[in-house]
């Protein structure tokens, strides 16, 4: 058993790098291109940057809120977090793929790209809940003074993630643009108060 | 409410990565090129590296000074910082675009590139003030022992950022080189004492 | 003599960046390619991402466990860690090389690539033991309250790393695919309890 | 005046990223190339990776040793560190340039590349001394209990950096290979005890 300091530093590092690498997916027009037209034609790249950045940013905030409840770590918990980061660090790839397909690909290509994009967030949502369940099961790693009953209420809304992203992933087969819009809406939903278990004192 | 430790770590990570990714925008000449001539022809890339690096570096110092005044965080404050980082992490893209255009592009391309470059700093300046206003409004997140009146004096000079970068962005339509010079001058201005609210003890 | 805080921060940073750079080795199909077929043909890239990510992740966890035993640092110890990081930061290169060769290379190319890939983990395992031996020799840098006898038991299993990766490296000359499978199995082995000296209290 | 915690985190981040980005300068052979021959032909790239990694690593250790003497920071000190990082983060560019030229360039190209490579370390050495001189001047930012006389002895050997790298830079015009060897030797020299002011207690 150790404290969570270094695990948080490592997770913060991976989050910060993955979110900053997103910019490398935006193509710089060659010097002899029409810059304005080239940037406008690249609109899906900018949209993809925005949605992925905000989604990763919110996942980071919620990871941070979750760890505010936790006061110790062990190797198993660290491994679960590594599994979580496996998908967080993967996000720049489906982001760039999706942007390339939305801009110029076939409908079939857009479907594959969007399934991979939404599927990555589905996997992240599952791992997020695995982190929470491992830490909260029997209050294993939680700070002792917390009100478990209040936390369960928050966790219930928190558990919406996996089914929500599963539906969005399945919808991507039907209409990739609807799925992209829903990923954006889900990002806004996670920002609402009460969407994650919080340290609010019990009444 | 949590302390600001992990938010600062995350912001520092994004700042450090964005500032270090700038070097990837400098093209390594092929082995059979005339290296000296190639490096000289790339002078706008080096200038862009210098100005963006110093500007991001100063923004980091001022973010650091700001957070020295703040002693707690909440999810909304974290989201505002994510919005701020959205533009900080974006800087390598307009930097590379601007360098490519200054080196070989048309005047129209240089205008578009420089508007995007200066516009990014305009957005950063707005978000910077949003961070400050949210934290300082009703002294919401500030350290209790601070002299609010003294801070307001510092904040006034601090609020120069958005209009200054807006003017520089508009000027980029007229003359991109003048705007670039002004971005460099603004960087020097932000280094002057008194350009940000500081922890100096009240008299 | 200083505490280990900043050495850990630096190591965590390199680990986090190396693990996150792995995603840059996955090629985004061009907009006019058949996306599904292209991703399937790239299966070794995804497998390489998975195995390298998990292996680096586990090395990080074990580095973290090791440092939980250590309470001070000195320049020599820092240099040994820099030597360790030299190989950790190198991992993205043989990972990408191996993935490219498994996908389309000749058997000779696959052998070279896999020897370099496994050889990098061999070097990491050696440096890992060097870190441990320097810190533990005469209990030089260890926390004073630790039970050295109990640690020696853990360290014995820990010392399996170098010979195990040497065998895997040599096997790569015979059959690269068997070596890759063994690297994956070794990653699982390192996750088992007792594979590293731990802070468990002595009985 | 603030403590140095966040400045160190930021510097550590830039060091860690710059050192890890070096691996991106190593070209992965295409699937249909002769992998072994291609890697051997790339030997200057591996040598460049080794020398730059070790040099940055040692600079980090010495930065760390320096900051162990310092207990507070101010904006000016932060700006000097940003200037120092400007050159640290630049190292991947001359490293890749130098490796490309040593492998296949003309002697003229090798001279230009090596002057830029050694000149970058010259600039870093100057900034390193600027950090030290600003902090130590009038003991401005030093920990109060330090023996200033003992520190001056260490600082004297420390001040060897700028003239040493200046000579190496000038020699690069005559013979780039001799300069590269000397950069490697200097790295070893900085690892020797006593090459930086240290916290050793005064006698």
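In order of appearance the chains are A, B, C and D, and numbering begins at 1 in each one.
Here is the rule we use: a residue touches a chain if its C-beta (ideal position, glycine included) is under 8 Å from a C-beta of that chain, and two chains touch if they have at least 3 such contacts.
Note that the coordinates shown come from a computational prediction; the quantities given were computed from them, not determined experimentally.
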**OP:** Starting from the Cα centroid of chain A, hunt down the chain whose centroid lies farthest away.
**Re:** D
Original post:
Between copies chain A and chain C, what's the superposition rotation on C-alpha atoms, in steps of 5 degrees?
Top reply: 90
**OP:** Go ahead and note the Å separation of the Cα centroids belonging to chain B and chain D.
**Re:** 26
Original post:
How big is the gap, in whole Å, between where the Cα atoms of chain A centre and where those of chain D centre?
Top reply: 36
**OP:** Please list all residues of chain D that touch 2 or more other chains.
**Re:** 9, 13, 16-17, 21, 24
**OP:** Using the touch definition up top, name the residues of chain D that touch chain B in the complex.
**Re:** 1-2, 6-7, 9-10, 13-14, 16-18, 21, 24-25, 75, 78-79, 82, 85-86, 89-90, 92-93, 96-97, 100-101, 103-105, 108-109, 112-113, 116
Original post:
Inside the complex, what are the residues of chain D that reach chain C?
Top reply: 8-9, 12-13, 15-17, 19-24, 26, 28-36, 39, 49-50, 53-54, 57-58, 60-61, 64-65, 67-68, 191, 193, 199
